[in-house]
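The data blocks that follow each hold one structure.
Heads up, the next two complexes both have subunit A, just with different partners, subunit B and then subunit C.
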Partner chain A sequence: MSIIQQLVSGIGVPNFYVLIPEIIILITAFVVFFIELFGKNKRSLITWTTVAGLSLSLIFTFVIVLGILNLITNPQILAHAKESGFYSFIISNFFEQYMTLFGLYSVDIFSLVFKVFILVGTLFVIFHLRSYAESKKTYYGEYYYLILFAVLGMMIMVSSPNLITFYIGLELMSIAVYILIGMYRKNYLSKEAAFKYLIIGGTGTAIISYAIALIYGFSGKFAFGDILKTLFYSDQTNVGLIGGLILLILGLALKASAVPMHFWTPDAYEGAPTPITAFMAAPVKIATYAVILKIMVEAFPFVSEQWSLAWAILAALSMVVGNAVALVQKNVKRMLAYSSIAHTGYIVAALAAPTTVGFAALIFYSLIYVFMAVGALMFLSLFERFEGWTNHIDDFKGLARKNPWMAFVMGAFMFSMLGIPPTVGFMGKLFVFLALIGSDIWWLAVLLVIMSIVSAGYYLKVVSNMYFYDPAKPISFNISLPEKLSMGILAIIVIILGIYPTWFFKVSTNLSSILISTIGG
Partner chain B sequence: MDLSVIAFWSFSTLAVLSAIGVVFFKNIIYSVLSLISTLIMVSGLFFTLGAELVGALQILIYAVAIVVFYVLVISTVPEYKGKAIDPKYMLLSLPVGFLLFLELAYVSVYGAWASNTGIFKPEVLNEIGNVKAVSTILFTKFLFPFEVASLILLVAMIGAIILGRKEQVMDEEEVK
Partner chain C sequence: MVPYEYYVVLSALLMVLGLVGVIIRKNIIAMLISTELMLNAVNIAFVAFDFKLQEVAGQVFVFFILTIAAAEAAVGLGLIMAIYRMKKDVSVEKLTELKF
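And then the complex of A and B:
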């Protein structure tokens, strides 16, 4: 046996079973690619292939979740583990099969839950994409497989146990999104937005890659677990660690559009085709939050004091700037872009309290944020199809009289983003607030409340325009029943979760304790 | 004097001289030629350090592929735009450059970094060489990122074609 054969002899075959959702997405992307190239009468075929691929992937994600839950709650294994006295050892042995591709890809409950929400958010976007693109005469089949590639990138990103896998997933996602923004091809704003995001986002990935190089220089490892071990045994003032961590936080903040790295957000959100804006605001955002949480908790728990302060400052700035600038916006799409910056502030504020409660609040808020963001932006995408609708705040006047159902739906999303019970946005803010108080970070908790009150200025303006004014423009809307239904589902989810958030909160608390338990192992 | 010492000094002197040339030549073509010279000299430095793979990649990717792009760009830009303008960014670039210099000096003088302790011990490396070592690790453990990188290139290529192609007027009748 040659020396190379000796080196690689123990490497084995990766477990492809847990990769099935990703493989389905990849195959669907290529199938759509070929349909788009060669097909005839292809528009509905492309849509339905994409929907089928996403749903199939969703089903298999659920199957894997059930497999893991069976494993955890299997009485035989539990009894065996308790008898032998090596509980955590035996359990972790069972989970080894979910760590595949030679330790570069980990499929755990945390990543699977986020994958479910990414896929659900994308399904809603795909559902409304075609009618929007056709009414704007900017339909291209490329939308669909680029979205699928971006979804694949996000799935890789959230289940990365390793800086290299994370980086490659981030890059796949970002490049697909840069292109998607520029797909509104007859519009100058869209091109400008794509170019701006390409330049700034490219800078962001460059910063992250430099950070990874510094962290590698410090620890000599890429895997989160190995970085953590090095961190434990070495002094925490190493220049590589400090520089790497600062740059990593800055790069991730840029991707999550936290102030002061938010300059691309309003232009990119406004210039992009509206369904793509929804895609960027919901699935892409929550994948970024998930990966921020994962890296911070799994790789750098021993310097949590430092990074929690950094995220607290970023969160405070995002809340203040996002809400203040959103107040003066007249265009609702641009206002929602600034509101998304403010929401980044609310969500990463939970990282200021590096406890189980804080992480649970972050997970909870980012999961429910999908429904609000997709809902509000999908509403705009539905109405933008009609002649005369410009997303201006005055266009909303008198909507409740013309179309009471859609006005109610939009009202639900606005109240949820503002955080008024019984909508779920209130629960999200409440949990972040409680987590902050639990860790005695009063200044940020108070700021969160004040900024939520400030945000009423622009969210309620939309609602009051819809309900308390006479119609200003003679625009006729005809929205089909499936579209009304899908928006209704989102609104009802937002309200029901607000009344009964127990199940969601249980899931996020469990996820956060699983995340913390990986530190010991 | 040892041959490798002579090689080191000549390569590094030429690299620094051509780097100065890149900055101070008024003619843009001379600048690019000095850039190629710098890159080749740096790859020579890699060869003297025993990193033959990095040296070869440096020539292949930087000195050939990337500089060709520069030449293409220069050939499409009108001549008057390629003229040197008054260096108003000099004030900004000097402190940043100095900071970078300090950082690199700190790293190389104090050796602040841990070295990787993987499966490739020095004696193994001596036996099989750099290329085999890198490819072994790239096609086994890091196979997944390597494959996903190909997807990234595919997406980037599709994007360049979509955004760059001439606008074709899509008739509704034609599609339906």
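And then the complex of A and C:
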């Protein structure tokens, strides 16, 4: 046997099959990098390569989902599934999990579903990026491969079974996003926003790595499952591990912009180019929520009383401060930044109820949040291209008369963020509310309802400005059909999921039972 | 032989020093240095814990942290250059334009 064969037989070959979506994203990023470096007349080529890479990765993610459900490899099983009822069959195969790269990378349905939503959100961002950048004279090819690297970081993050993998994914994502914020050409606010995010995000990184050091020092392990066992078998309370957990919660709350550590959010959101703001508000955010849920449930289930209280306090503060400050904002982009802080509050509020229902509510809300956040910010990015549009709240006056379709779309997103019944935002808030009541956390549930009512003050102002006023400025909007269609698709998803959330909620419930099934496994 | 706890305390002190630096310094270069100081404090903690556990996994993690600190410093210095070209200043008080 040659040395290579001995090596392979000794340590085994990692299962590259389940890594195909990540590998495709990585290769696409490098291809875009070289096209940007050497190509001529390259703008459409870069866009289409990025779109192709993301779509291909999306397709392979679906293929792996089907593979986990065992539908491709074995046709007999498929025939059997048709006989015995499709849904019950899928459930029985739901808990399969692939570990690869020597236990440093896990692929299961939980991570795959989040990957699908990250990729879909990114595709919508890429679709609108070029026209925005060209109209603002800030086109760089770098946007595309930095976005791809950030997506790769998020995909690594959501399928990490291990603090090392989690940390690498988080930093790959964060550093790419720091650069993306500062890429607005000749715009000082963008540089300032990027620097603020870099300093505060860097502090968050240091806090998270110190937390990892403490957890490693007092348990001797990095993998979530091993940390759990150390906590389970230790006789007395392990002070070092609890200290590490507190620092980890603080660092993750900083990355998710929960309130005591939210200072960077409004500035970074306002300074960044608007499509990048949408990218930060949707895919980056849901990856962070997913990883928060994963670490809390898989590594620290036996101290759930402590961390659920911590997240409840963070959620309550985020709701109150986010909504209160959003009320006085005149700039809609900055208002949406504060509303995203409030939404962080609604989403992590579900962690206050450490039950299957609570985790399902968190997953459901963070998945639907992609459509609302991308939709609302993409609307701004479409309109910012026109001369005279400043994102000020008065610019929305009379929009319904000039452009009824876009006004309707924006209205749908605003109602969904507010949580009015025919839209999906209502369902998200309802499930969080039910989860909180189910665990008898009445104070937070009541606070959630009150804060939702307060948020009507700023969301409805946008809608009423669009519908009940005469146009204030003579701006003409010509928005092309594909752009209208893409916004329409997002709005229709928001409304249809609001009317029929059953299937989506089943998926979230199953995902949360997957998470719980991995405890101790 | 120095006990490992001393190194952990040293790293905690450096961490706090970096955190205080980020909060109170008014010079953007000093702020960037403070974040780097915090990441290096973490490195000391990892090596100290490896000393206690008689393992090497923590020292491998230190390499990742070094790489990430370098990447962050590169991005941060690039941004400082861009800011300095536009404003000819490095003081936070004169640079802040995004406000409540």
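Basically, the second predicted complex is superposed on the first by the 481 of 521 C-alpha atoms of A that agree within 3 Å, B and C clash if a C-alpha of one lies under 4 Å from a C-alpha of the other, contacts with A are read in each partner's own complex, and residues count from 1 in each chain.
The definition used in the following text is that a contact is a pair of C-beta atoms (placed from the backbone, for glycine too) under 8 Å apart; a residue touches a chain by one contact, two chains touch by 3 or more.
Because the structure is a prediction, the values reported are computed rather than measured.
> Name the contact category of A:Ala253: first (subunit B only), second (subunit C only), both, or neither.
neither
> In the superposed arrangement, does A:Thr230 touch subunit B (first), subunit C (second), both or neither?
Touch partner of A:Thr230: subunit B, not subunit C.
> Of the two partner chains, subunit B (first) and subunit C (second), which one does A:Val120 touch, if any: first, second, both, or neither?
neither
> Looking at the overlay, what does A:Tyr139 touch: subunit B (first), subunit C (second), both, or neither?
first
> For the three-chain arrangement built by superposition, which of subunit B and subunit C touches the greater number of subunit A residues?
B
> Does subunit B (first) or subunit C (second) touch A:Leu362, or do both, or does neither?
In the superposition, A:Leu362 touches no partner, neither subunit B nor subunit C.
> Check whether A:Ala278 is in contact with subunit B, with subunit C, with both or with neither, and answer first, second, both or neither.
neither
> Contacts for A:Gly169 in the overlay, against subunit B (first) and subunit C (second): which applies, first, second, both or neither?
first
> Just to be sure I read the superposition right, which of the two partners does A:Ile179 touch: subunit B = first, subunit C = second, or both, or neither?
A:Ile179 sits against subunit B and subunit C alike.
> Please work out whether A:Gly220 is in contact with subunit B alone, subunit C alone, both, or neither, and reply first, second, both or neither.
both
> Take the contacts of subunit A with subunit B and those with subunit C, and give the residues found in both.
Subunit A residues touching both partners: 164, 167-168, 171, 175, 178-179, 182, 191, 194, 216-217, 220.
> What residues on subunit C touch subunit A, complex-wise?
Subunit C residues touching subunit A: 8, 11, 15, 18-19, 22, 28, 31-32, 35, 38-39, 41-42, 45-46, 48-49, 52-53, 55, 57-58, 61, 64-65, 68, 71-72, 75-76, 79-80, 82-83, 86-87, 95-98, 100.
> Tell me, which parts of subunit B touch subunit A in their complex?
106-107, 112-117, 119-120, 124, 127-128, 132, 136, 140-145, 148-149, 151-152, 155-156, 158-159, 162-163, 167, 170, 175-176
> Within their complex, state which residues of subunit A touch subunit B.
3-4, 7-8, 11, 26, 41, 43, 101-105, 137, 139-140, 142, 145-146, 149, 152, 156, 164-165, 167-169, 171-172, 175-176, 178-179, 182-183, 185-186, 191, 194, 216-221, 230, 238-240
> Taking the complex as given, what residues does subunit A use to touch subunit C?
Within the complex, subunit A contacts subunit C at residues 164, 167-168, 171, 175, 178-179, 182, 188-189, 191-196, 198-199, 202-203, 205-207, 209-210, 212-214, 216-217, 220, 222, 266-267, 270-271, 325.
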